[in-house]
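Next come two complexes, and both contain chain A; in the first it sits with chain B, in the second with chain C.
== the complex of A and B ==
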């Protein structure tokens, strides 16, 4: 079964079947890329790469951008874009950090503060796009700038240390403390990986198995047709940017938990990684076609590339060229014959 | 060009100008003027006009007794990083000491907007420009333009690539930072062990010098080659990049003895990666810069064992130099009546033993 949702017309029979086949191949193709990268790593670094510890490390790293990318999938499905997620991560982290104050030691204050603030920033995006009729690119570009500025303003350009929230001890964090989200484990699997999987599965269900998901796709596929068919277009568009902000808040928690601080310069260019993962996953930038499974594989692809190349200690310039070529190759490999 | 009607060359040319060319010239002038006006309204300027009267002794050069005010415009990259934040604070503080200095600090988001800001500043005709370029090579042309327009430029830290782009230069010694780090690590490890290097931003001179000084000296300090650099990756002076890069290196390297990072802010992410992996007893780490956080950790002892001071108060010295240049004076302790062309601020090793002496220079 393909995890892809598409705003298909009423065409039936052969054409549809053929298209579905092409699309399915597309998803498998990216899975092949993920496997190939893992095999390459295992051959080049046989002692350290194919280990459970390393897989855990890569998934943990993937969780931050992964959560953002799920939100981005919904946004891009409506033919929108959210350039502000990285800045929202920075702003939400610093906001949560200053809430704690000097004496407070409550992880919950930080977590809720960060998520609420990111959701608030997301709803500012949502309002200006859905009701102010600002083009998503511009509205979120403005938030890209405002969010980063807020991150710097809120604590006078300084990072906020969150180490107190970790109780100062490393290794066995208390459940639901901030550190637990960064380094805690359940059955040997990092908590942040559970969060990523939960967000991915929920995202898949919502996009593929609910009326809301169909509406999101419909709005991206043909806005006018959706409107005529009775889809509350504005509310749908509003909701995806709020969702993107909310998930940016969750991503903030996962990042700050590992970093032990909230830095105003963190999250730099995360939006590009998130958008990149969504697009190589097969979601159409033009909207109307989205795949959560593809996005998840796209996130894994980026995480594998980054991890593998740092572990091989390649020089920066080689890394950049290689990363670009792998991404291009992955997209070419999965290009379905019937796209044009 | 159109702003200088008195220029004889310009005048003779203008008479011979075709109508079309004249039109282009005027149009260009208009665009410049409008663009400039737009900038001065929209730019995030921060003006510090000093009215403080200094009763105490004035540093080198004296007041000159001319009653002349020196207008200094400083341009720096975004101060979203501890060290750069300290640079702008120190420059402002220095300017406030003098009652004959009118000081303005411009912060630019990137190299392009910094070039635009400086262009605009040239039009305002300050007496001296102080520039810490985002990218030395990219901003060389605009600095040359200022020098040609008769505005001396004082260059801080990141070098311009042409000798006629600055009247005076003050910089830290990034190569020496690498040298000191290599000597320290070689000494601590007795020339035996595995070292990881987390570099700054790839492709800028600060990073390449800090790396080169380190590798060159490691070879000299340990001629037997007992120390191996097992990984060397950029962390972009950014804590979360430092964190993820170090997480991956920790996966690949099972035996690490020391980590040389290029920056204290970034090092916090690296420290966290090591702690999260529970490997803080296996290795130690050094930073660069001299942040309060780093100095505190050095004092406490443990993973963070040293930092190499890259003193941001060079910005204060740059403002002092700019003032002297504006007044046409030199350093009173030196013989020539001009400010020297190049000043190199030495780096210093800060460890648990001497951290108390250096805490006064620490920045947030």
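== the complex of A and C ==
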């Protein structure tokens, strides 16, 4: 499934064999880790861990960072980085929050407002990186600060309550109202999980089965060669940061819908969670090698670990340390040339 | 004569491949021992085993009668084995002295002993006959030949008894090669044994004493005198006779495809006009640094023109827009395949189709059709191995070049720009590339080819333009384009280029 070795055969059996060859070692390993973590959790906390409620919870929480991580995969595939996604989530949430009025249509206003604002912030990153030739690390570090500042400025450092955005219903929120995205379910599965799955599957198709995805990998794999081969290098670089902003907008909707409010201090350090998931998934920080399946498994790995640690009453500080060590360990396991 | 290096029945296995399958080699003191062989014959593996970069599977390597510790580069270096690899491994921003003493800087207490570094660097350069290279100049400001000498000086900063040089001349022009050979002769006069790898038979004749030919990981012939006739050497290399190295010269037509008018971008291109007609192979000769590569970049749109224009099939190309050039039917096979032409981790297929993905994509890519189309192009060029899924990183230089050519054939481009198309390519594959180029011209393509191998230009081109200092100084057609004539036009009135003239 990675851009590096995946290819498709002509016959059906051939295609499957190729697919299997394409699933790289790291993806297999990570899939096994996910299963082992689930088994470990089930043994350590047999009453609470392997329950439908817990799985639902884990996935709901994972969906916010998961959507960011898919966007981050595209950015990192071009050998870039986006440090601003957490700040964009906060700014987009507050921006959407101050737009809403009292009527029942405000869900749509919030959703569109948040997504558009995050996409706009992503475009600012994109412009300075692709056309201003600012190093991605610096450009998005600046946006990290600007976004957080905007989130605080827009509503005087106050959170905005979104609890009224339930579509005017008194019981469960109406379908397609904001809160429905946070608490609604289809066939017992949270709506936000469907959103994450949809973004992941679309992300996989775009990265592996479209011209655009091929160009993204080419730019990360060898920028000069891509340019000489006729790949629109600048446009591709521009687009991945816009995409990252757009997905930060979707992530904002999922987060605010779950919390019922838009807080200027939300989304803190989400960029690190997203980057961490991408990296343990096997996408190379040097660019040119990216795997959406790996990223998705990386997101699941983190979700399982933290759910388990929380249930074992380990403090968030310990979780923080663990997270860092996992990312470091995963990178050390990668091929040396893929590390930076 | 004492033997410096003895290699006995050396075997190196990589997973699935036997890169060396029983190689024998003797290198004497004070001789230049040339190592010849097609790409993939095991030359690089052999020298890496000697330098300690990799550990052989079995066999013996004796250095001055003592076995070398296997897989220990520091150990080999300490005993006096120095290696200079193909690509210059210098840091452009370091000074000459800093480069020479990189990683073994002389120190006075905790501080660098800069005076001593300068003094000893100057002494080393003087030993090589190049004390004119300033020890404080940044390496990046020197000409390639001067950089090479700095590399050699660095290798000599220890007590060297055996110097291994892997295609040192690949990046040098003819004048600079003379300089390099002077240095090599000085070293052998001091008793140093030299292992010299090159694809260029003419060089071997000029500098070599004895020749060893490797083929398929075995010693095909060893200890041949350097005067062995070319035919025999080539026969050892490919295991059969190469019937014809150069195909017939394409005649060309009258239809102009590409026209360059007064192209200028200082300091490298100072007003160049030329035409490429359908069916022609036009050569662009000259020394390294004469502006040939830069001219190709201007034509292709990689750099913007300061003055002048490029007209393709009657219409002007947008300066600075390679995508425009490609869409109109231009293709470029750049000088450095690895860094400029290929995504090395990608399969052959993806590297072939990258300029024509539109063909296979509606909304989604039809990867099956893509693969089959690429396979057809690769087969037409006899690319080895016949596996469209193989990563191009694992291909030999010649086959990598074929992948690049397959890309532009798929694109059905009408003018092909080739920059050093046979650099680092073995002689059998060279012959194939010449044949492909001639066939393409036969189908009505125009080809503009830059090469530092004058012999090649003299044989494959309809006509050859010679560049010197950013201008075209001569045009030689057909039989008039001899190596000697090309060289005479290429070199500036001052016979030997000053190696440090670019130092600011």
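The rule is simple: the second predicted complex is superposed on the first by the 281 of 340 C-alpha atoms of A that agree within 3 Å, B and C clash if a C-alpha of one lies under 4 Å from a C-alpha of the other, contacts with A are read in each partner's own complex, and residues count from 1 in each chain.
Just so we're on the same page, a residue touches a chain if its C-beta (ideal position, glycine included) is under 8 Å from a C-beta of that chain, and two chains touch if they have at least 3 such contacts.
Note that this is a predicted model, so its numbers are computed, not measured.
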Which of chain B and chain C A:255 touches, first, second, both or neither: first
First (chain B), second (chain C), both or neither touched by A:226: second
Comparing the two partners chain B and chain C, which touches a greater set of residues in chain A: B
Which superposed partner A:210 touches (first chain B, second chain C, both, neither): second
Partner chain in contact with A:48 - chain B first, chain C second, else both or neither: first
Contacts of A:289 with chain B and chain C, given as first, second, both or neither: second
Which of chain B and chain C A:218 touches, first, second, both or neither: second
Partner chain(s) touched by A:263 [first = chain B, second = chain C, both, neither]: first
Shared contact residues on chain A - chain B and chain C: none
Touch list for chain B against partner chain A, complex: 79-82, 85, 202-203, 230-234, 236, 238-241, 243-245, 247-254, 265, 268-269, 272, 275-276, 278, 280, 293, 364
Residue ranges of chain A touching chain B (in the complex, touch as defined): 45, 47-49, 51, 53-54, 57, 60-61, 152, 157-159, 161, 170-171, 182-183, 255, 258-261, 263-268, 306-307, 310-313, 316-317
Of chain C, residues touching chain A in the complex: 300, 302, 322-323, 326-327, 332, 334, 339-347, 349-350, 354-355, 357-358, 361, 363-365, 367-368, 371-372, 388-389, 391, 407
Of chain A, residues touching chain C in the complex: 4-5, 7-10, 15, 18, 205, 209-211, 214-215, 217-218, 221-222, 224-232, 288-289
